[in-house]
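The structure's right below; bear with me while I get my questions together.
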Amino acid sequence: MEQKKEGKTLTDVQLTRDTRNIPIGKVGVKDVSYPIVVMDKNKKFQNTIARINMYVDLPHHFKGTHMSRFVEILNKYREDIALDKLEVILSTMKEKLGASNAHLEMEFPYFVEKKAPVSKAKSLMEYTCTFSASLSDHFDFVLTIKVPVTSLCPCSKELSSYGAHNQRSIMTVQVRYSEFIWIEDLIDLIEECGSSPVYSLLKREDEKFVTERAYENPRFVEDMVREATVRLLSMENITWFSVEAENFESIHKHSAYAAIERKKG
Amino acid sequence: MEQKKEGKTLTDVQLTRDTRNIPIGKVGVKDVSYPIVVMDKNKKFQNTIARINMYVDLPHHFKGTHMSRFVEILNKYREDIALDKLEVILSTMKEKLGASNAHLEMEFPYFVEKKAPVSKAKSLMEYTCTFSASLSDHFDFVLTIKVPVTSLCPCSKELSSYGAHNQRSIMTVQVRYSEFIWIEDLIDLIEECGSSPVYSLLKREDEKFVTERAYENPRFVEDMVREATVRLLSMENITWFSVEAENFESIHKHSAYAAIERKKG
Amino acid sequence: MEQKKEGKTLTDVQLTRDTRNIPIGKVGVKDVSYPIVVMDKNKKFQNTIARINMYVDLPHHFKGTHMSRFVEILNKYREDIALDKLEVILSTMKEKLGASNAHLEMEFPYFVEKKAPVSKAKSLMEYTCTFSASLSDHFDFVLTIKVPVTSLCPCSKELSSYGAHNQRSIMTVQVRYSEFIWIEDLIDLIEECGSSPVYSLLKREDEKFVTERAYENPRFVEDMVREATVRLLSMENITWFSVEAENFESIHKHSAYAAIERKKG
Amino acid sequence: MEQKKEGKTLTDVQLTRDTRNIPIGKVGVKDVSYPIVVMDKNKKFQNTIARINMYVDLPHHFKGTHMSRFVEILNKYREDIALDKLEVILSTMKEKLGASNAHLEMEFPYFVEKKAPVSKAKSLMEYTCTFSASLSDHFDFVLTIKVPVTSLCPCSKELSSYGAHNQRSIMTVQVRYSEFIWIEDLIDLIEECGSSPVYSLLKREDEKFVTERAYENPRFVEDMVREATVRLLSMENITWFSVEAENFESIHKHSAYAAIERKKG
């Protein structure tokens, strides 16, 4: 055994024959943290850092896949993660790994410049996005965005002589579409569904404004997913969506939660 | 408005009519942390602490659900979370919340006493379990268990003159079954699928044993899910399963990952 | 080398002499998850699950410590983690590991039964507690408790024609004391410092009550740590404390934070 | 009260007098996620994303600080976070917030291009860095870097006829210095202290190399912090340091841990 290892050839164990007769649905690398460049509606490009999973299927007769090739492919394409490149990346994965299916998931923070509602003071807001793309016979793509909003409880407002409990909420929207949609536009749509958007920077006049707007616009967690559903149903190019809202209740230690999923057509 | 609030009746805002015509798939409470008592194969009962989600569906004509009722139901049943009680809890949820579907998810640490392989020194090992139960027209139950194991890389062993990289891995198994299965038995099955089980307490003689056992028993992440698949396929009472393995690679900062899902019959 | 390993003696590598002349401040096991039993003011005992760190110092001349002994000690004492036992555990650690300092940290969820303010409906609230104990020449003990509360912004209330933004906050109190203090009593003290306590279960009449109480009782993050400081300064048996408040702002994606630390006498 | 709010002046509640006579050590914003630009030894600049805390002290007579000013300052300086700018940022915080102490903490992923040891294949490795800077009468700066490495257990190697358990470890080094040190140089120093560095991309010949290097170079968690200590003591411009190592044990579900802290001079 020693001798072999001293020699020039390093056996490719992964290629040896597997006899258990069990194909594997997904195999690859998970939680690779890597800097990437994504398209930005306003600035053309945005530098960000993604947590990436890359998987392929493995036929029953191979013992293993070649893990290093995933990172090589990532290295090659990371500076230009446009949506129209995802299919190329997946094609490359299928080819280099001899697979019939390939999956790519990239979760990354995405920043959008936002103006405070009254003072117009500018700051950057962080949204968490995920690209989930697969290629078998056909290409499938799901865009996920997590959008923080303020929610103010209609029941608390109605019951109470003054005030109403409110809190930070996270709305998670996932869409499949027939025509390209900007991340920025989907964020705008979702931010209308809570009691108020949230901001990184608010001056005193803005704080008055958002407080009053939220009070005028109470929303249950149920209302938030319904408002999103109304808007997503009206967008013809969206073919499937899922929307969730989670309220980190200010009066409880747990969350209130609601979810709707719809396939159109 | 003030007057009403001073009076005796507090409007039930949740019951008001919603006109958007949108039913909600899931609404309820999320991440409620609560002490529960579950069945234990050896000790009869085990005290643990669960992170709990409880959801129902909401018809299109109601504005909201009644969040406090979920916690009341949890309060009532928490001291006896046997598997045969889950259907009762879900039934109660449907009834108290006027729903046609109910969902219950409980994730909790579960401890099993384990003997070191040579010294027989006893210690407790923690496994993370989840009960996911739903009741619509029929009852559905998925048991999930996360089992840590050691994995030793066959490729690294084959290539190297001495040694082989190895690491902690987490195997996640999910099953649907036709006849009751003990958590403990499923753990035993999964622990055979890595290069070695892991332990909380190992004396010197045990450390020698597990090191050599892992070296004698190299397993790719692909092998681990295949070994589990072979075993799960042979159990007749399992009707569906999914198995994942994640290796926290000692030579990388990312993980290697594999997954297989199978519906039987 | 092989021969030695086949023989009866397994060398104690940890005891071999280290020549780098560098003593180690802390060495041991980290993130051991273990079920423990702690004292409870109302129920006498409470079963919970702790994340445990156990460290000792290591003199410059030893190569390593004996990791398995930490878990053996934990095994022995875990069913009776009364505060008056911590010194015994630390003594045992010093003795069994030949050390001059020993450190024990246990973080665990702790549940207290709480009544809703109007309906008096009972439910359990989770608080995160940590015992941090050290023994060198003398014994040192720090009790840490994380208490969720509601905070309502005085500035938002003052500026706005109606409503006020509010959110869930976490207050973290740490104390050293000369005389035993119940976890429950420290929780009560801290819950007075926000705009309102939070609860697991609130009926409609309770929701009205806590909403109005918070609105009547606005508190900046600064007020919350000052209110705690006033109360902690007045308790004679507390010799040192630190208090932090973090507001998960409903109008931002980030937190507001304040902290005060005081040594008395 | 309504009238006031309709008028032109929005009261500055934060400036109102506090009578509790309690100064606050730290108050500000926590967990602001923001894109920043930091210096890079090889590429001059690097885009990254930081989790940022900014605090000042608050004299006893003021009710509150002005939270929005922290984000305004961050906005102004974020594109040029050179180490020589930190003092300017802290100065601005002191001035704009009328404080005598200012604190700035920024944690961010930092990527370094690394070559595989044999194939020389290039890839990016992620390290987590933190800048912790304070300004009172004097400026204080602590640089923290988390470096993943492989550790191979000397005891397991010695006891076992073949193989040795090994795992991913995280070494955390913190330094104060008198002269500027590059992040890259500190990473190099720390990567020598484990059994082998880790990489994002390893070809077969590299895997053989790192496996054998780790086996030839066994290190206890104690050895790792001692090796770092030897190196850090020999660097004259380092005035204080702390080093920790955590091994995510492949044979346990918990970690082994060691820590050393030293003030020089």
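Per-chain residue numbering starts at 1, and chain names A, B, C and D are given in the order in which the chains are listed.
We take it that a contact is a pair of C-beta atoms (placed from the backbone, for glycine too) under 8 Å apart; a residue touches a chain by one contact, two chains touch by 3 or more.
Source: prediction; values computed, not measured.
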### Summary
Chains adjacent to chain B and to chain C under the stated definition are A, D
### Query
Along touching chains only, what is the step distance from chain A to chain C?
1
### Task
Would you mind working out whether chain A and chain B touch using mostly the same residue numbers, over half shared, or mostly different ones?
same
### Summary
If chain centres are mean C-alpha positions, then the most distant from chain C is chain A
### Message
With centres defined as the mean C-alpha position, give me the chain A-chain D separation in Å.
### Response
27
### Message
Taking the mean of the CA coordinates per chain, how far is chain C from chain D in Å?
### Response
24
## Note on the structure
Taking each chain's mean CA coordinate, chain B and chain D are separated, in whole Å, by 34
### Message
I need the residues of chain D touching at least two other chains; which ones are they?
### Response
5, 10, 32-33, 126, 155, 159-161, 200, 202, 204, 208, 253-254
### Query
Where on chain B does chain A make contact in their complex?
2, 5-6, 10-11, 13-14, 18, 20, 22, 24-33, 53, 55, 58, 63-65, 67, 154-155, 158-161, 220-223, 225-226, 229-230, 246, 253-261
### Query
Where on chain A does chain C make contact in their complex?
125-126, 148, 150, 152-153, 155-156, 159-168, 196, 198-200, 202, 204, 207-208, 210-212, 214-215, 248-254
## Note on the structure
chain C residues touching chain B in their complex are 5, 10, 12, 32-35, 47-49, 68, 71-72, 75, 109, 111, 121-124, 126, 200-205, 208
